[in-house]
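What follows is a group of structures, each given as structure tokens.
First subunit A sits with subunit B, and in the next complex the same chain sits with subunit C.
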Partner chain A sequence: MAFNSFIYIFFLIIVVPLYYLIPDRYRNIFLLSISYIFYAYSDVRFIGLILVITITTFVAGRKIYDSKERYSKKLYLIIALIINLSILGVFKYFNFFIDSTSNLLSVFGYNLDYVHIKLILPLGISFYTFQALTYVFDIYYQTLTPTKSFINFSLFVAFFPTLTAGPIERAKRLIPQFEKKTKFSKDNFKEGITLISMGMFRKVLIGDTCGRIVDHIFATPNYFLSIELLMAVLLYSLQIYNDFAGYSDIARGTAKLLGIDIMDNFNQPYFSKSIAEFWRRWHISLSNWLRDYLFIPLQLKYRKLKKWGNVLAISITFLLCGLWHGASWTFVFWGFLHGFFMSFSVIVNKQRQLVYKKFDFLYSKPFEYVKVFFTFILLSMSWIFFRANSFNEAFYFFQHIFIWNGTEFTLRIILIISVFYLVTFIIDFLEQHYKTHSFLLKFNNNFRYAFLLVNWAIILMYLFTSKQLPFVYSKF
Partner chain B sequence: MISDEFRSVILKELNLDDFEINDETTADQVPGWDSLNHLNVILAIENAFKIELSSYDIIKCNNIGELYNLVQSKLEE
Partner chain C sequence: MKEIIKKIIRTIFFLFIIVVFFELFLRFTEISLPSYVYDSPKFGRIQKPGADYFSILGEGFGMGKVNKFGYLGPAYPKNKDKEVIRIALVGDSYVEGNYLFDRQHYRYLLEKKLSMLIDKKVEVLNFGVGGYNLRDIYINFKKRVLEYNPNIVIIFIREGNFLQKDANPGPNLELKNGSLKIEYKYKNTKQYKLRMEFQLLREYSIGNLIKETYEEYSRKNYGKLLFGKLYSIFHPSNNLASNNSDSSNVIDKYYSINKVILEKLSEYNNSPIKIFIAKSNNYPVYYDNLISKYHLSTIDLDSLLYKYSKGTEILNYWKASGETGHWNHKAQRIIGNYLANYIYNYFYKKK
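Right after this comes the complex of A and B.
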């Protein structure tokens, strides 16, 4: 069930009032049942997978906690990791692994095509497996005690607002909220509606509109001029951001309607002055997961190598980050690029500090804007590999986007790009200024109601008249 | 209660002259102590006190006070 659909709006109109009408002691069971129904609506075949992951992770968590010796704690953690990651690995990467090995072996005259299995990627698998794993990791590192309630834990894994594409929450943030009594709150309701409204604005009005242009050009790039290819690249940067940030806001808003607080997933990422800062502002739930459970253990393991230990940990983390996004070498390469940018920054850190000490203007505000611009260029270039279906397609874009050949449509193209960037900038600026995604609540009631009315009128018109694009991250 | 020596090792590594840190302070509250610099701070502590800490024990620490207690327990071994 996609967030940008009438059925989802209808679903919320039924579920949210019912949630507050039923007695408190039955609410979590109700929410769990609703979450499974939500998932089954999209694909009933894989409910069993969520159950397997829920049961094994719950049992592993208890075993880790009850074990006295560290080696047995580690053993149960490894078992939980193997089960969760094997399920993810088989469904997401089996055919990719076979194809890659087959390509390699074809050099020697061998072929593995017969090993291919017809597999469908279960919806949300990359997200709920990672979310479940936070439970066993935190118990292993003794920052969480296991919950006695299987219902609450199951709800943590399958909570429908975050089930299909995150944010990837932590057990220690979410489970305690399920264990508290929830009362209807007007403030939560207002904030929830505001977040959902802004999320839909980002997704339907900016993300999808950019997406239709991007899809059209990426489908047959050789039919388009360089300026149009450049437009596709620049609009993709906006599409991927507004699509996913919009999704996250809708997820957070939905949870807020139910009195549950979900973490922020985006913090105006295109205002970043470096790639390192970008990863503190983009898909925060995933980058925190990778930092806490992969990067820091690796970094500490290789710390004797000093900065090269950091470089090794960064490289492994970002290669796997790329692979997490999709079973394709273009995703891996996208991850490699980010790892390269971060590693370069670590390697030249001392030299950069010396240069900064020598030239004062490097601390100035105008130079900060230069850094933001340069970082954005690196990000947009790397997004080409994220979006392209193949390296050939990506290289085609690189070969052509730097050639300037104006057309009669050049001004119109510049206008389209400018309008979308301006709107996104205004939203991000207001979020930063008011330090909240629900900044609309800071405006007076008349303005807010007028904006929401117009916003929903346009969104509903789009939902009625246009084919909705799926959320980009629901494919991962 | 963290010692002055422990405090000064951390501040020196992060190029901080005057920043208040105590037992309850967490890494993200200290300017410059981000995930990339974490390795440098840990190495500086290990070199200053001539000890080697286990990665598992370091990760379990929730604040500077717990990290200090870990260092003390290692020194006593």
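Right after this comes the complex of A and C.
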């Protein structure tokens, strides 16, 4: 069930009041059933998958905790990892690995006779698999005590606001909230509605409208001129951000309506002055996951290599980060690029500090804007690999984007891009200024109600008259 | 009391500010532009001179501007030089092609290639209007296209154009004693009056969005949109049944009038204006027989596209959305090249 659909709005209108009407002790069972219904709406067959992941992770968590010896703890952790990652591997990466192996062998003259398995990628599999894994990791690292309630743990894995595209929550944050009694709160309700409204604005009016233009141009780039290709690249940067940030706002808003607090996934990422800062502001739940469960263990493993150990840990982390996003070499290359940018920064760190000491203006405000601008250019260029269906398509963009080819509509195109950027900038600026995504609550009541009224009217009319695009990250 | 009035005024003020913000946002990002078509008292639904359009629906992404004379493509005035070869394209959305940039449209390709082949200036004018049926197309041809002095007119007709009901209120053709007469009764219809009320609203982006919402609501196809899969479960064959019953009723209703239209077009067989019927898909046999009977020249685009698709590639498939609909970019190229070669071979090669 997509957040940007009428059925989801009806779903919320029914679920939220029922949740508060039900006696407290049945609420989690109710939420769990609702979450499974929510998931089954996309494809009922995948319920089995989520159940397998839930049961194995719950049992493994218990076993890790109960084991006295380090060896046994490690064994149970490995078993949980193998089961979870195998499910992810089969559904998401099987055909990719078979194709890649076959291509590699054909270079050496071997022709592999192989079959493709026709599998539908289960919605949100990368998210709930990683979310479930945090549970066993945290128990293994002794930062979490396993829960005794199977219902609460199942709800942690399948909680519908986070099920399809995160944020990838931690058990130590979410499970205690399920264990507490929740009461209807007017403040939570207001914040929830505000977050959902802003999320819908981002997704429906910015993300989807940019997305439609981007989809058409990326599908047949050879029919478009450089200004239109540039438009596709610049609007894709906005689409992916507003689509995913919009999703996260709606997820957080929905959880708030149920009295549950889930983490911020975005913190104005395009205001970053470096790629490293970008990853502290973009898809924060995944960045934290990769940092805690992949980068830090790797960094510790390669600590003897000093600077180069860091470079190695960063590179491996980002290659896997790319692969996590999709079973394609273009995603791996996108991850490699980000790893390269960050590794380069680590390698030249000493020299950079010397230059900064020499030239004071590098600390000035205007130079910070220059850094933001160049970081954004790097990000936009790397998004081309993320969006393109093949390397050829990505290179086509790079070849043609810089050969200026305007049309009679150049000014209109520039205006479209500028207004989308301006509106996104205003939202991000207000979020940063008020230090909250629900900044509308800081405004005068009359203004807020007027905004919400018009915003919803426009969104509902737009949902009614045009086909909506799926969330970009729900495909991962 | 004073406080309540203050509050009301403040709310109205904020509402106004926010409506203006959304109007500007929708307009400048072109999410929803003011309508580029309007209801002309003379022609019914037709493009508005000078209006911008922008399309990002399932079938493609296109931007354009209606020229100052109210048709698509470069603005060529009614009078033309003797040396210039002028071709008018007439039809429905397959000719209008608002889901494309003009340079991707077969209009542009035809103009470019034919002028290269015959080494003369060629002007191709696009008079396509989405939603037109054969009666609308004929009125458009008689009342507007002929005023532009074309040497060649290519009328694109699909099976649907013969069978379609009037989608919008506009002048209509009636048969009186075997001859065609244009009627303007539509001005008294409820639908026309409603559209007139919407006319001012359609000058605004928000207004146009309201109008589109109302139209979608009037089509009564919103069950699936609102209730998603649940609707399909409870109404498995709803749409199919209503579509089938609709087309079988209209075939007989318009046959006699369509027959006279084709007969009237055949009267141009001996005039300086050459008319071609571009067959965009298969017609019922009785229409094929009429076309043969009246010796109308036809260009078979259906067979052409089938040949190029080699029976497998779908040339109305749009990769971005995965939907089928109007001719895609590749089909436009094929048609543009084919029409240029066809006209060259027909008129010039023999000489």
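Keep in mind that, in the parts below, the second predicted complex is superposed on the first by the 469 of 476 C-alpha atoms of A that agree within 3 Å, B and C clash if a C-alpha of one lies under 4 Å from a C-alpha of the other, contacts with A are read in each partner's own complex, and residues count from 1 in each chain.
Here is the rule we use: contacts are C-beta pairs under 8 Å (C-beta built on N, C-alpha and C of every residue); 3 or more make two chains touch, one makes a residue touch a chain.
The model shown is predicted, which means the values in this text are computed figures rather than measured ones.
For the composite obtained by overlaying on subunit A, subunit B and subunit C can both be accommodated side by side without a clash.
Once the two structures are overlaid, the count of subunit A residues touched is higher for C than for its counterpart among subunit B and subunit C. After overlaying the two complexes on the shared chain, residue contacts for A:I213 are found with subunit C alone; subunit B is out of touch. After the superposition on chain A, the angle subunit B-subunit A-subunit C between C-alpha centres rounds to 160°, nearest 10. Once chain A of one complex is fitted onto chain A of the other, the partner contacts of A:N84 are absent, as it touches neither subunit B nor subunit C. Using the contact criterion defined above for the overlaid structures, shared-chain residue A:T143 touches subunit B, although it does not reach subunit C. By the touch criterion stated above, A:R70 is placed in contact with subunit B alone, subunit C being left untouched. By the document's definition of touching, of the two partners only subunit B reaches A:R303; subunit C does not. In the superposition on chain A, A:T194 contacts neither subunit B nor subunit C.
The minimum CA-CA separation between subunit B and subunit C in the overlaid arrangement is 40 Å, rounded to the whole angstrom. Touching of subunit A by both subunit B and subunit C, each in its own complex, is seen for no residue at all. The touching residues of subunit C, when paired with subunit A in their complex, are 7, 10-11, 14-15, 17-19, 22, 25-26, 28-32, 52, 56-58, 60-61, 63, 65, 101, 103-104, 206, 209-210, 212-213, 216-217, 222, 225-230, 318-321, 329. Within the complex formed with subunit A, the residues of subunit B that make contact are 34-36, 38-40, 42-43, 55-56, 58-60, 62.
On subunit A, the positions that touch subunit C within their shared complex are 1, 5-7, 10, 41, 205, 209, 212-213, 215-220, 223, 407-409, 412-413, 415-416, 419-420, 423, 444, 446-447, 449-451, 453-455, 458, 461-467.
Put simply, subunit A touches subunit B in their complex at residues 70, 141-143, 276, 291, 295-297, 299-301, 303, 306, 309-310, 342, 346.
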